[in-house]
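Below, each structure is written out as C-alpha cells.
Heads up, the next two complexes both have chain A, just with different partners, chain B and then chain C.
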Partner chain A sequence: MLFYILKRVAAGAIVLFLITVFTYTVFFVLSPDPAYMICGKTCTPDRIADIHEKLGLDKPFWEQIWIFISGLFVGREYGEGVNAVHCTAPCLGYSFQTSQSVFEMIVQRLPVSATLAVGAAVLWLLAGIGGGLIGAVKKGTWWDRGIMVVALSGISLPNYFVALALQYILVVKLKWLPFPTAVPFADDPLQWFQAYIMPWFVLAFMYAAMYTRLVRANVIDTLGQGFIRTARAKGLDPNIVMGKHALRPALTPALTLFGMDFAALLGGALITETVFGLNGVGKLTADSITQNDQPVIMAVTLLAAALVVVANIVVDLLYSVLDPRVRVKAQ
Partner chain B sequence: MMKKRNVVLGLGLAAALALTGCSSGGGSADGGGSSGEAVKGGTLHVLATTDFSHLDPAQGWDGGVNNFYRLIYRQLTTFAGGDTDDPTEIVPDLATDLGTPNEDNTEWTFTLKDDIFFQDGTEITSEDVRFGVERSLDPDIAVGSPYAKILLEGADDYEGVYKDGHLDSIETPDDKTIVFHLNQPYADFGSAVAQPVYTPFPVDGDVTTTSIDKQPISSGPYVVSEYKPGSTIVLERNEYWEPDSDEVRKAYPDSFVWTLGLDNSTIDERMIADQGDDKNAISGIILASSLSRIQEPSIQERTLEGLKGCTTYLALNTTKEPLNDLKVRQAISYAIDKKSVQTATGGPALTDIANTMLPPTVKGHQDFDLYPSENSEGDPEKAKELLKEAGYEDGFELSLDMRAVPVTQAQAESIQESLAKANIDVKLNVVDTAKYWQIIGTPSQQTDAAIAGWCPDWPTGATFLPPLFEGSQIFDQGNSNIAQFDNEEVNERMAEIRKMTDVDEANKAWGELDKQILESAPAVPLTWEKAVTVTGSNIANAHLHEGYSGGIDYTVVGLKSVDE
Partner chain C sequence: MSRQKRSKNAPRTGSLKTVSIPIKGSTLLDVENLTVTFPTVRGPVDVVKDSSFRIDPGKTLGIVGESGSGKSMTSLAIMGLLPEGGEASGRIRFFGHDLLDRSDREMRRVRGDKIAMIFQDPLSSLNPYYTVGVQIAEAYRAHRGGSKAAAKKVAVDAMRRVKIADPEQRVDHYPHQFSGGMRQRIMIAMALCLEPDLVIADEPTTALDVTVQAQILDLMKELQEETGTGMLFITHDLAVVSEVADEVLVMKGGETMEHGTAEEIFSNPQSSYTTALLDAVPRITDVVGDIKGVSHE
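Let's turn to the complex of A and B:
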C-alpha cells in the first residue's frame, strides 16, 4: 500500500513539474512582456532592461524555471540592495502590480473559494445522491421524470443565467435576501449565510444534475446484478440491500467525478464568484487576466492543476475504502 | 506625460458608457437629488469593480486613484473641490499659496501652512515633503506621475533617497520653506506640485520604498483603517487633520467603505434598486446596457453626467507613405463620418463628437472644425478631390491598428466604411488588448494608423499636446507621439509657450496651437466620452470632477441624513 501511495505521489510530482514548465513557457515566453505592465507610463528601454534583470527574465529559460521551482521551496529574492523584495517560501512569484507575494494573495482568497466549494458540495451531494436514488427506485414514475427534468435543466442552463435570474428574483423583486457581501462567518453568521446561499445553490444546481443522472444510472445498473438478487432472495432488509449493496458500488464513479469537481471549485468558480462579487480565487484569476498580472495568472493555473492532481490521488486511495475489489488490486 | 497606458485602458471602458440629454462640458454636473446639502457623519459606501492600482502615491496615477488619494493625502496644491464653480482650478493645499517663482520660473519657493499633521500627530515639515518627492523618484517605484522626474534638476539620473541620499535641487532652508530648482522654465509648476508624487511622508517614520503601498501614512482627513486587497478598503477619520487648514476637503462622512471586486452589472442593479446601505452608496460609470433602465424620473434625479475630459482620436503615422502627404491626411480628416463613429461608440447619450484635440474641459480650449461636413457625416467628395491632387486618384490601402474590444471594433468598422467611400481601402489590424499599447508605442511595430486616446494630467494643453505631437517625444519604445509628428514650427511654438510666465496666456496659446497642429492633420479627433453615474438616494453634494476623469469628488460628497 505504501509503495502504491509513493508511486502515485511521484507520478503526481512529475505531472506538476511538466505543468510548471508548460505554464511558465506560455506565460513568460509567449505572452506580452510583463515588464511593460510594471514599467508604468514613463517607460524607457533602460527601465525595461532593469525590470527584466529584477524579474530574472534576462536569464536563460531553464535557469528561470529552476529559480521558479527552487523559489517554491526556499523562497527567492527580487532585485538587490535596499529595494530588494523578498518572497518567502513557498514563493509562487511576486506581483509587482499589487506589491504582494502571489502566495499571500491566494491564501487571502482561498477561504472564500473553500467556503463556496464545501457548501455547494454538501448541497449537490445530498441532492445528487438523493435524487439519483429516488429516480432509480421509482424508475419510470412521475417522481423519476420530475427529477430528471430538473436535472436536465441544471445541466443545460448556463450558470451565469441561473445566478443572475436568482439574484433578480430573490434580491431585487422579492427582497428576501440582500445583495451578497461576503464576510467571515465569525463576523456576522447571518450575513455570511445570506452571502453564500445563492452561490451555493447555483453551483449545486449545476453539479447536482450530473450526479443525479450518474447515480441513477449506476444504481439501476447495480440493482440488476446477481448479488442484489441474492441479497434480496436471502431475505435481507430492503434498506440494507439498497444502502449497502446497491448504493456503495454505484458511488465509486461519482467519487471520481466529485474529486475532480471539488478540486476545480477550490481553484476558483470564476463565473459564480464574479456575478456574486465574491472575492475568491476565481475572481482573482479573472482580475489578473484583465490586468495581465502574469505571476498571478500562472500561480492560479498551477494551483488549479495541483489541486486536481492531489484530488486524483486522494480519490484513488478512497476508492479502496469504498470498494473492496480495488483494495485487492492496489495491494 | 505618458499617461497613455492606464488612461486609454480607461477610455476603452469609457467608450461603453453614457446617457441622454444634458449638454456637455458642465463640470460640476448637478444631478437634482444628489446635489442637496450634506450632513456630517455616517458611512458612505463605494461600490467598485476593481481595486485601486496602488495606495502608494508614487506608484498610482490615474483619474480614479488620484481622486481617492485626496482623502488620505495632501500635496502642496490641489484641484478645487467638485462643488466649486471651477473645479479644475489649482488652489493651495499644504502650501499657503501656489508658489513663488524666480524671474525665469526655474526656481519655486513654497511655504507650508500651520496646523498640518500626519496621522500620528507629528507636524508635516518641509523635510517631509522633500522626502516624499525623493522617495517617489526611486526607479523601483517611479511608475506614477513623472512630473518630479521631468522637471526637477538632476532628477533624471537620481536613484531615490535610499540609494543616492538627498536630491540637491530640493532645498529646505527651514521647517516651513521648500525650494525646488527646475531644469527648465515652467510657469505652471504650481499645478505640477498637485501631482501625487509630491505627497509628504515622515522622514523618520520607518518608511521604505514598498511600505506605503501596504500601510499608507495619511496627511489628509482620513486614515486607512482596513485594507484587504481586491475586497475592501475602510477609511476612518484622521483626528489630527485640521479642517481650518484645508479649504477644499469637506470630509462629511465619518467613514468610507469600498466594496471592491463587484460585477459591473451587479453594481448597476444595486444602484438602481437603492436598497439598504446602497442608499448611502456611490459607484463608477454605468454600463451602456443599463442606460435604458435609468430613464425613470426617480432614477434620473440621482443620475450625474459629465465629460470625462479625454479625447479618442485616430493617429495617422506621418512617416508612412502615403500618409506623409499632407493632402492625404486632410482627405482622411474630411472623409471620416464622425456621426457614425459616435453611433458606434454608443450614440449621443454616451459621447460627443470631437473636432479638436483638446476637449472642452481643458483650459484654453478653442472650438473649431477645420474639416467640416454636413451633420459631421463626412465629405467623401472633398476627400476624393484632395486625393486626386495628391496623385492618389484610385485610392490606396491603409492598415489600421485597433484593439479587440467591441467598442473600438465598432469605431474601426465605421471608419473603414466612411473611408471606403473615398476609395481608401482600410485593412483592420486587430491587436491583442494586452499588447496594444506596447505595439503602437513602438514605431517599428505600428502600422499606418491607430485608434488611441488621451486624458490630460491636469486639464491644460501643456499636458495634452506635447506628449502627442512634439518631435522630441518620439521614442523607440513607450512612444506616445503615435503619429510620429515632427513639425519644426510646432516644435518651436511649444518651446515658446513653455517659456511664457503667464499661465492663462500659455493656456490660450495651447488652444491656438491645437488648431495649428490639426492644420497638418496628424490625427483625427473622434469622440469625447461621457461619464454617467447613479448615486444612492441618500447621497448629497455629489459632483463629477473633470480633474479625476469625471469621477464623483470624494472630498465633498456626503449623506443627506444620518440615522442615529
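Let's turn to the complex of A and C:
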C-alpha cells in the first residue's frame, strides 16, 4: 500500500512539473512581454532591460523554470545586490498590478472559496443523492419525472442566469435577503449566512442536477444486478437490500466525480464569485485575467491543477478502501 | 375502520407460521396450471402457459428448455420474485399452502428459509463489496437472528460442508478472490445454511467449465441425499439433467412439451420437440458433420 501511495504521489509530481513548464511557457514566453505591463507609458529600452533582469527573464528558458520551481520551495531573489527583493517560499512572485505577494493574495482568498465549496457540496450531495434515490426507486412515476425536470433545468440553465434571477427575486423584489456582503463568520454569523446562502444554492443547483442523474442511473443499474436478486431470494428486508446491497455499489463511482468537482470548486468558482461579489480565488482569477496580471493568472492555474492532482490521489486511495476489488490490486 | 379479527384457532391459509407445517396429505411443491403473464405494447404475453408439476421431498425435477422457454420465469414465480409487471396465476402449493396468496412480507419468510435459490452466474450473484462470510451469515441472521459471531460460525460450517478448504480464513475473503467453481460452492453454502425444504437451482453449472460442472453436480447430489431437500433443477443442458433429475419437464415457448420420468424422456421421448432436442446434442461417437438444430416453424 505504501508503495502504491508513493507511486501515485510521484506520478502527481511529474504531472504538476509538466503543467508548471507549460503555464510558464504560455504566460512568460509566449505572452506579450510582461516588462511593458510593469513600466507602463514611460518605457525606455534601459528600463525594459532592467525589468527583464529583475524578473530573471534575460536568463535561458530552463534556468527561468528552475528559478521559478525552486522559488516555490526555498524562495528566490528578484534582482541582484543591494536592490534585491527576497521572496520567501513558497514564492509565486508579485502582482504586476498591486505588487502584493501572489501567495498572500491567494491565502487571503482561499477561505472564501473553501466556504463556498464546502457549503455547496453539502447541499448538492444531499439533494443529488436524495433526488437520485427517489427517482430510481419511484422510476416512471410523477416523482421521478418531476425530479428529472428540475435536474434538467439545473444542467441547462446557465449559472449566471440563476444567480442573477435569484438575486433579483430574493433581494430586489421580495426583499427576503439583504444585498449579500461577505463578512467573516466570527464577526456576524447571520450576515455571513445571508451572504453565502444564494451562491451555495446556485452552485449546488448545477451540481445536484448532475449528481441526481448519475445516482439515479447508478441505482437503477445496481438494482438490476444479480446480487440484488440473490439478496431478495435470501428473504432480506427490502430496506436492507437497498441500504446495504444497492447503495454502496451505486454511490462509490460518484466518489470519483465528487473529488474532482470539489477540488475544481476549491480552485475558485469564477462566475458565481463574480456575480455575488465574493472575494474568493475565482474572482481573483477573473480580475487577474482582465488586468493581464500574469503572475496571478499563473498562480491560480497552478493552484487549480495542484488541487485536481491531489484530489485524484485522495479519491484513488479512498476508492481502494471502499471497493475491495481495487483494494487487493493496490496491495 | 377496524378489520375483522380472526379467531385464534381458525385455520388460516395466510398465517406465517403455518407455512412450515405441512397440510395433511400435501406434497412439498405442487404447481397447478401456472401461467405467467407480462404486459407488452402489443398486449399481454404468456411466458409460461398452464404449467403443472410436483416435487416430492428428496426428489429432483429437471426443467429443460431453450432460452426464452419460460423455465426461469417458472422458478421466479415460485419465489415470488417475478420482474416488474409479471403476473402469476394458477396455484403454487408449498406443503399445501398457496404461495400466490401470500403478501411480500410473508414470502420473505419463505424465501431463503424454506425455499432457497442458486443462480447461474456466481460472480454477478454475489455482492462484490462484502465478504462471502457476511453474505452467507446475513441469510442466516435474517431468518434465525442471533449474534454476528454465531452467524459467522454457521457460515464457516456451511463452507466446510461444501468442501471449501480452510473455511476459517476463506470466510473473510471477497467473491472475486474465489474461482468460478468455488463461488458456486459459496452460493450452495448460502442456500443450504438454513436447511431449506426446496432448492431451486437455475442453471447452476452453466457458467462453469465441464470438470468443475461435474464436481458441483456431485456435491449437490451428495448434499441432497444428506438433507432430503427437494430440488427444482433448471437447465438447457440435457446431459446435466440426465445426471440429476428423477423427473423431467420439457418446455418450449412457455408451454410444456413433455413431462415424465427421466428414463421415459431419454429412452422413449413422446414429443417431436424432445426428440429434436436430444438429436441436437453432439455426441463424441458421431461422425463429423453438421450439428442438428431445433426448428422453430
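Rule of thumb we're sticking to: the second predicted complex is superposed on the first by the 326 of 331 C-alpha atoms of A that agree within 3 Å, B and C clash if a C-alpha of one lies under 4 Å from a C-alpha of the other, contacts with A are read in each partner's own complex, and residues count from 1 in each chain.
The rule is simple: a contact is a pair of C-beta atoms (placed from the backbone, for glycine too) under 8 Å apart; a residue touches a chain by one contact, two chains touch by 3 or more.
Everything numeric in this text was worked out from a predicted model, so none of it was measured.
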| item | value |
| --- | --- |
| Chain A as common anchor, with chain B and chain C clashing or fitting | fit |
| Which of chain B and chain C A:Thr274 touches, first, second, both or neither | first |
| Touched chain A residues, chain B compared with chain C | B |
| Touching partner for A:Val172 - first (chain B), second (chain C), both, neither | first |
| Which of chain B and chain C A:Gln225 touches, first, second, both or neither | second |
| Superposed model, angle subtended at chain A by chain C and chain B (C-alpha, nearest 10 degrees) | 160 |
| First, second, both or neither for A:Asp323, with chain B first and chain C second | second |
| Which superposed partner A:Val107 touches (first chain B, second chain C, both, neither) | neither |
| Partner chain(s) touched by A:Val149 [first = chain B, second = chain C, both, neither] | neither |
| Minimum distance between Cα atoms of chain B and chain C in the superposition (Å) | 49 |
| Sites on chain A touched by chain B in the complex | 31-33, 36, 38-45, 47-48, 50, 54, 79, 81-83, 85, 97-100, 105, 108-109, 164, 167-168, 171-172, 175, 178-179, 181, 274-279, 283-284, 287, 290-292 |
| Touching residues (chain side chain A, partner chain C) in the complex | 225-227, 229-237, 240, 244-245, 248-249, 252, 322-325, 328 |
| Interfacial residue positions of chain C with respect to chain A in the complex | 79, 81, 107-113, 116-117, 119, 121, 124-131, 135, 138-139, 142-143, 174, 176-177, 187, 190 |
| Partner chain A, residues of chain B touching it in the complex | 1-6, 50-51, 53-54, 56, 59, 61, 138-140, 142-144, 146, 149-150, 160, 162-163, 208-210, 213-214, 228-231, 259-263, 265-266, 269-270, 273, 275-276, 278, 432, 434-435, 437-438, 475-478 |
